[in-house]
Every structure is written in structure tokens, then in C-alpha cells.
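Each in C-alpha cells, the structures are laid out below.
Note that chain A is present in both complexes that follow, paired respectively with chain B and with chain C.
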Partner chain A sequence: MFFHIVLERNMQLHPRHFGRDLRPKLVSKLMKDVEGTCSGRHGFIVAITGVENVGNGLIRDGTGFVTFPVKYQCVVFRPFKGEILEAVVTMVNKMGFFAEAGPVQIFVSNHLIPDDMEFQSGDMPNYTTSDGSVKIQKESEVRLKIIGTRVDATEIFCIGTIKDDFLGVISDPTS
Partner chain B sequence: MSIEPFNRLVKLTARAFYDDFTTKGDNQSKSGRADNRGIAVVVLDALTRRQWVREENLAKDLKLHTKQLRRTLRFFEEEKLVTRDHRKETAKGAKIYSAAVAATADGHQTGREGEEKVKLHTHSYCCLDYAQIYDVVRYRMHRMKKKIKDELDDRNTIQEYICPNCKRRYTALDALRLVSPEDEYFHCENCNGELVAEGDKLAAEEMGDGDDNARRRRREKLRDMLQMFEEKLKPLMDQLNRVKDLTVPEFGTLQAWEVRANAAARSANGDANSNDPSKSSQAYNGTPMPFLGETKVEVAFSGVEDKGSNIKSENTSTPMKVLPPWMIRQGMVLTNEQRGEVKQESNIEGTSTAADLSEDKKSVDQKDDKNLQDEYFKAYYAALLQRQQEQEESIKVEQESFNTTEGSSRQVGMKAKREDYDNDERDENVEWEEARTTGNTSSTFKVDLNVEADASGDDEDDIDWEEG
Partner chain C sequence: MSAEEEENAAELKIGDEFLKAKCLMNCEVAIILDHKYEQLQQTSEDPMNQMSQVFEKSLQYVKRFSRYKNPDTVRQVREILSRYQLAEFELCVLGNLCPETVEEAIAMVPSIRSRGRGLDDDAIEKMLHDLSLIKKFD
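So, the complex of A and B:
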């Protein structure tokens, strides 16, 4: 699920940036540092949408670096148990398949793939129904439901299922 | 539009899900009466026989404490089976409701309406919400089934993996770390052994018998549960399917319902109800009296558009006056309940109709327009018979028969007597309820006694003495 929230971060800036462009430098550094990172609490920071407030800088003894407390608005993505996501399959093996929904990696184990889909090994390993009408392979798009998340301080990993109504392949790369 | 399949649905639901509902925290918890299991069933059943009802009246009818009833109703409101309405009432507002109740021939307070002291405080009303009940029950069944099935299929459970060499366990959440570039299996971080999914044969062997048995027992239990679910709730499922394509009975909001009921009553008052004791309530309501005299059949039609065809057939084939739709519906329901007994009793004399009443759940398919008229007659005869019995019991038999054609005051008196009779005869709430309903209907149908006297006199010898 996506959220638009306000976060705060202490930015350290090298003295060479002190000048007319101090603020733009600060913002671009913030984007570089923060976008794409993940925190267990808020999820993945997808994009910064604005800087609310830059506080007074504090000069560090000895180094000349200055620390600015920056409040910024950003879009975060945090997967939840029970959430339905659309994801792209990245790898298929005998144990199941891996997929990605944006920055989130999801594993669907083979017992959470419908029983009528069988694993086919080969150059392009895949899960296929007996009549061949539905095929899950690399690059397939699937709709899945998250049934478990592992949230570490810097990482979120999910496991999902496609064994339920309206879940499964939504677009086939071959067709 | 028939309400009966929906009532059956409500009754089945009550018995399936709310059988052991108790209101906790009653003061009387020390005595045996504290165990009020089944109260939910009683209340829901009672509501199937009513439309909007004031909660105090319902409590009185069910001989329940108001608090207890209110707690039960609040529970059902949360369960989305019942809609409630609370309003601060002026004397006038209460009268509108009373009139509406009288009009539906459903209310039990018609007789005592006059004595009722209307005060300016909040009254609560409740009513079954059939549309919502259908949805709620369907959803509940769906969730129950899904839950059991999901458990059975191991859905939504996180797969575990085990290393056959070093017995180290992993879950699917570790998957990312376990994939190997060489083959399509997961490998142990420890010894690089090939992991097996727990629950597979190998794992089961490794784990030993105990664990496997536990899992198997669990699966068996779940399967039993699913089977039980299918078996025991089949009647409910069937009823849901039966009701699926029917129009859901809607009473609307309390206000809308009152307006409708009163309007219908007004349109019918002119002819059919000329002797109805309940009509006196219309006077309270400010219905202009001259209007009553002038009412024509057409007026009645305008009040009952949707049921036009039914009414028409009844109207054209008999000298009977047009009855409003709600009256016919009530009549039908009762007749169905009485059906067996009524047939018997047209020949046998002196058995109590009320005593034979049972809470049977007849299927409603039998009801169609053709039967309507027959049903009506049966109800009418049943009412006649019952009245007769009461008269036999009463001391003033002669007076009664003499006064049948007289004004409403006489009949109000009779009604009071009937209620006493009911109270004596039946102590149990549920059946007493039924009896009451019958009593009331008979008083409604009594109206037609005079109109119909000569027609019925031919069929029923017993009635002759009444007219003399």
C-alpha cells in the first residue's frame, strides 16, 4: 500500500557546498540518499515529493560539516499481509517462483500455486496447466495475495499465494 | 411478493447461529432463570410475525423484561439482522404508530390502545431487515466454508523447509537466501544440502510418526467439520437459494411504513371495515369521517397498486369488499399455519383451533394466487369457529348472539375476553404468541361476519343460530 507521509532526516553537508546553491544541493543529496531505501517501519521510500522545512544547521567540531534537520514529504510503499498486488515474475524454479512488485520481492511457493499447474523444467522453467492455457514463466505478470511479510530494519520480503479466486496470471509475455 | 420464505430463512438462521445466545450480566443469574438460551430464537421468531414494533410492546407480548429484550435486540442490530429506530415521541407520534399497527392487523395493542398513556420520552422500534439478513447470512456461510477449506488446503500457511542432513529448518520467508544458481532447488545455508518442503513424504519420515499423525488427525478433524457444515446447514443453504430470486420484503423506515400503513387503512376503511373495532383508532388519527362513507372500490385500488391482480380476482368473484394487501398477507400466513386444522374443524365441532397451532415451517411454494381466496375462506371459517367457542364459554351466550350486528363497543368487550382466555390457556411464550396472532386476526375477519352472513350460512349449519 502507498502512503504519502512526512519524514525527517539529519543531512550532513560538506562545506564546499555552502553558497548560493546550498538548498538545491541539500535536496538533491536527500533524494540520492533516501529514494529507493527501505525502512522496516515505513516501507520503501519511492519518491520525495517536497521539502517542508530545513532547520538550522549545526557545525560539527573538527570537520566543518554542517548537519541540517530536513523535513520532507515522500511516497512510501509498504506491503501488508492480505494485500493484493500485481507483480512481475523474475524467476521460476521447482520450489515456486519469485516475483517483484516495484521494490518488493515476493516468493510464491509451489504449494500456493493452484494444484492444476505443474512445473515444467527446461530453458524457460514454468508452471503450466494441463491444457497449456495458462503459463507462468519469467516476465509473466501475476496478481497475488500477500500471506506473510518479513520486515527487517532495511529489508522487506513477502511470500504470496495465487491459490485463490481472481488470482494468477494477468498477462502472458508470449501472447 | 411473499414474506414467508424470508421468515423461514430468519427462523433457520436463528436456530443455526443464535441458538445458544444468552444475554449476560442479568441480575437473576443465581436462579435457574438466568439461563435464557433460546431467547434469540424466540425474539427473531416473534419479529417474523410483525413489521415495525415498539420494543416495549414486544417485551410485553413476549413476557420478557424490557432490558433483556433490548440487550438481545442490540445484539441483533450489531449482527445486522434488525434495524432499530429511536425517537422522542409526542403524543401525536405515538398515535400515528398505533394507528399504523392497527392497520396492519398485526399489532396486539389495538384493544388497549385507548388506555395507553403516551408520554414524551424516547421510544425504540425494531423491525427485521430482510435484505440485509439475506446478505449477512450468505456472507457468513461463505466465510465459514472458506475458512475451513483454506485450513484444509493449507492455504495461507507459510511453507516450511527442512534440511534432511542437518535438520535445520527454514521458512518460505528465507527463500531469497536459499536459491542456488546451479539448480532449481533450495539449498541449506549450513551444509548445502537440498531442502525438502515439510509435509512431503521424506520430511514426514524424518520428522517421525508423532508429528505426522498430529497433522493427519488435524486434517481429518477439518474434513469432518466441513462435512458437518454441509450437512447441518443444508436447509439454510437451500432456503438461501430459494429466496435468491424473490423480491425482498421491505418495510422501509419507520416513518415511511407508518404513512403507508395508515394510507392503506384509510382507503379500505370505507366499506370493509365498517364494524372493525380497530377502526376507532382511525378516528384518533384524524381521518375525516365523511370520507369513510364515500369510499369506493377504486379508492382501494389506488392504495394497493402492486397487488392489483390478487385483489381484483377476489373482488370480482365474491361480494366481499376489497381488503388492503397487508391484511390479505396476514390472513394467508395464518391460514397456512392453520391449514390442517382448519379443514378438520369445518366438520368437527368444539376443538380449540388455537391449541392445535404449532410452529410448523411449511414450505411456501404452495401459495399462489388461485389459493388466495380459498385461504381467505379458511381463515374466515377458522375465525368463525373460534369465536363460536369463545361464545360457548362465555356466560352471556345469548347476549352475544343477539348483539353481533351491533356497534364496535360490544366487540371490543369480546376481544378483551379473548385475551384473557388466551392468557389462561397458554403459559408458554411462543405458543401464546401464535394464539394471540390468531385471536387478533379473527377479530379482523370478524368484520366480515355481517357482510358475509348469508353466504356462509348456507355452508355452515352451526352459524345459523348466531344470526337468529
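So, the complex of A and C:
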């Protein structure tokens, strides 16, 4: 899910930027530093939408750098266990399939794909029901439920399922 | 890490910080990111290069999965859903997935039944009906 939240960060600025452009410099550095990053707690920082407040700077001993506490609003994407969302299938193999929902990757293991869907290999590997009416392949849109998340320093990775009511394919690229 | 283990969106356990935060539906995110992208295009010669991969992927995603395109409609959807004492998170899941039946809505957002807000089947039915009407006129 996407959220609009306020975060705070201490920004270090070199003395050469001190002058009337200090604030714009601080803001552009902030964007460069945090947009596109990911933390386990807040998820992916997609875009900064505004700066609420720049606190008083503190001169660092010995270097001349100044640290400013900056409060900013941003759009973040944070997946949760138990959340249901829509995603695009990016890769299918016999282990299951990978899907993407915005910046996050979700893996759905073949144990969590309905039992009546069989893996079919070929140049367009896919999972298909025996009557051929439902097919999951690359670029299919699926609705899935996140059942687990793994967080490391720069990425969040999710495990999902489509083996539940009202989950599964929404549209496939061939139809 | 006990907080991490207890996390479960189906029971609305998403941590205090996010529970109080403003949630955004995909269509709202699309409006914000589009606006930001336009701004970037005006100020920089090479906007593609300025964007992070996270930004690019999010923009593609929300454009693909936006149920409502028109900003006025998006506002209406939020207004209608906010009449039903939903948590921000629940409101956005419903706005994103647009369930068609009461059963589907409860499967998508199990917490709407478990918090004793007097949201019975009829109320949910009415909410879904209101939503589908907006969609028709989008």
C-alpha cells in the first residue's frame, strides 16, 4: 500500500553551499539521497512531496560541515503481511512465478497456486487449468495476498499466494 | 522484532505509525507522481535520468492499476468511502480493488467485520453500489 507520511533526516551540508540558495540546495540533496531508497520500517521512498521544516543547523567539530534536521513529506510504498493487492507477472518457471507491484517483487510458489493449475513449459512458460480457461504467464495481471515479507538493507521481498477466495488472474495478455 | 511478527493487514495490524498515516489509493498516487514527473520535465533536460527506478516502477504500476482516472472522480470515491467509518488502510484497499460483492469485499478486507462498527451486509452492499455508480460515470 502507498502512504503519505512525514519523515525526518539529518542532512550534512558543505559550507560552500551556505548562502541564499541554502534551502534549495538542501532540498535537492535530500531528494537525491532518499528518493528510491528502501528501509524495512518505512518501505520504499517513492517521491518527496514537500519539506515541512528545516531545523537549526549544528556545526560539526573540526570539519565545518553543518547538520540540519529536515522534516519532509513523502510517498512511500510499504507491503504488509496479509495485504491483498494486484501485481503484474514478470517471470514464470516450474517453481512458481514472480510478480511486481510497483517497486516490490513478490514470489508465488507453485504450492500456493491452485492445484488445478499445471505448469506448461515452452517459450511462453505458464500455469494453465486443465480446461485451458485460465492462464498465468508473463504480463498477466493477478490479484494476490502477501503472506510473508523479507527485509534486507536495500530491498523488501515478498512471498504471496493466489490459493484463496477471490484471488488469481484478473486479465491475461492474450485475451 | 515482535512487532514484525505480529504484523497482519487482515486484522489491521500494520503498526501505529502506518495506522495513523494517510493512506493513498493507486489513483491518488498516479496523480501525485504524474504531477511530479511533469515538474521534473520542466526543470531538467533529461527527466528519465533524474528518476529513481522505484519512482519509475511505481508510476507504471499505479497507472496500470488505477480504477479511476479523473481527479474529480478520485475525490468522490474517497468522500463516499469515508462515510463508512473505515480505517484509512481499509478505505484504500476497497478503492484499489473495487470488489463487486459483499462476500468479495469481506475477503479483501476481513477487518471490516471484526471491529464492531455496525457495518452489516446491507451497509457494505450500499457502499459497493455507490462505488460502482461512480465507476460508471468515470
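Keep this in mind: the second predicted complex is superposed on the first by the 169 of 175 C-alpha atoms of A that agree within 3 Å, B and C clash if a C-alpha of one lies under 4 Å from a C-alpha of the other, contacts with A are read in each partner's own complex, and residues count from 1 in each chain.
Note that in this section a contact is a pair of C-beta atoms (placed from the backbone, for glycine too) under 8 Å apart; a residue touches a chain by one contact, two chains touch by 3 or more.
The structure displayed is predicted, hence computed values, not measured ones.
Touch criterion met: A:161 reaches chain B, while chain C stays clear of it. A simple residue count on chain A separates chain B from chain C, and the partner touching more is C. In the superposed model, A:51 makes contact with neither chain B nor chain C.
Applying the stated contact rule after C-alpha superposition, one finds that A:4 touches chain C and leaves chain B untouched.
In the superposition on chain A, A:78 makes contact with chain C only, while chain B stays out of contact range.
In the superposition on chain A, the residues of chain A contacted by chain B and by chain C overlap at 164. By the touch criterion stated above, chain B contacts chain A in their complex at residues 153-159, 172-173, 175-176, 179, 184-186, 197, 199. The residues of chain A lying in touch with chain C in their complex are 1-5, 35-38, 44-47, 49, 75, 77-78, 80-86, 88, 100-103, 141, 143, 146, 164-166. For chain C in complex with chain A, the touching residues are 7-11, 13-14, 17-18, 21-26, 28-29, 32-33, 36, 52-55, 57-58, 61-62, 64-65, 89, 92-93, 96-97, 99, 103-104, 107-108.
Residue ranges on chain A touching chain B, taken from their complex, read 91, 93-96, 98, 105, 107, 109-112, 121, 125, 147-148, 150, 157, 159, 161, 163-164.
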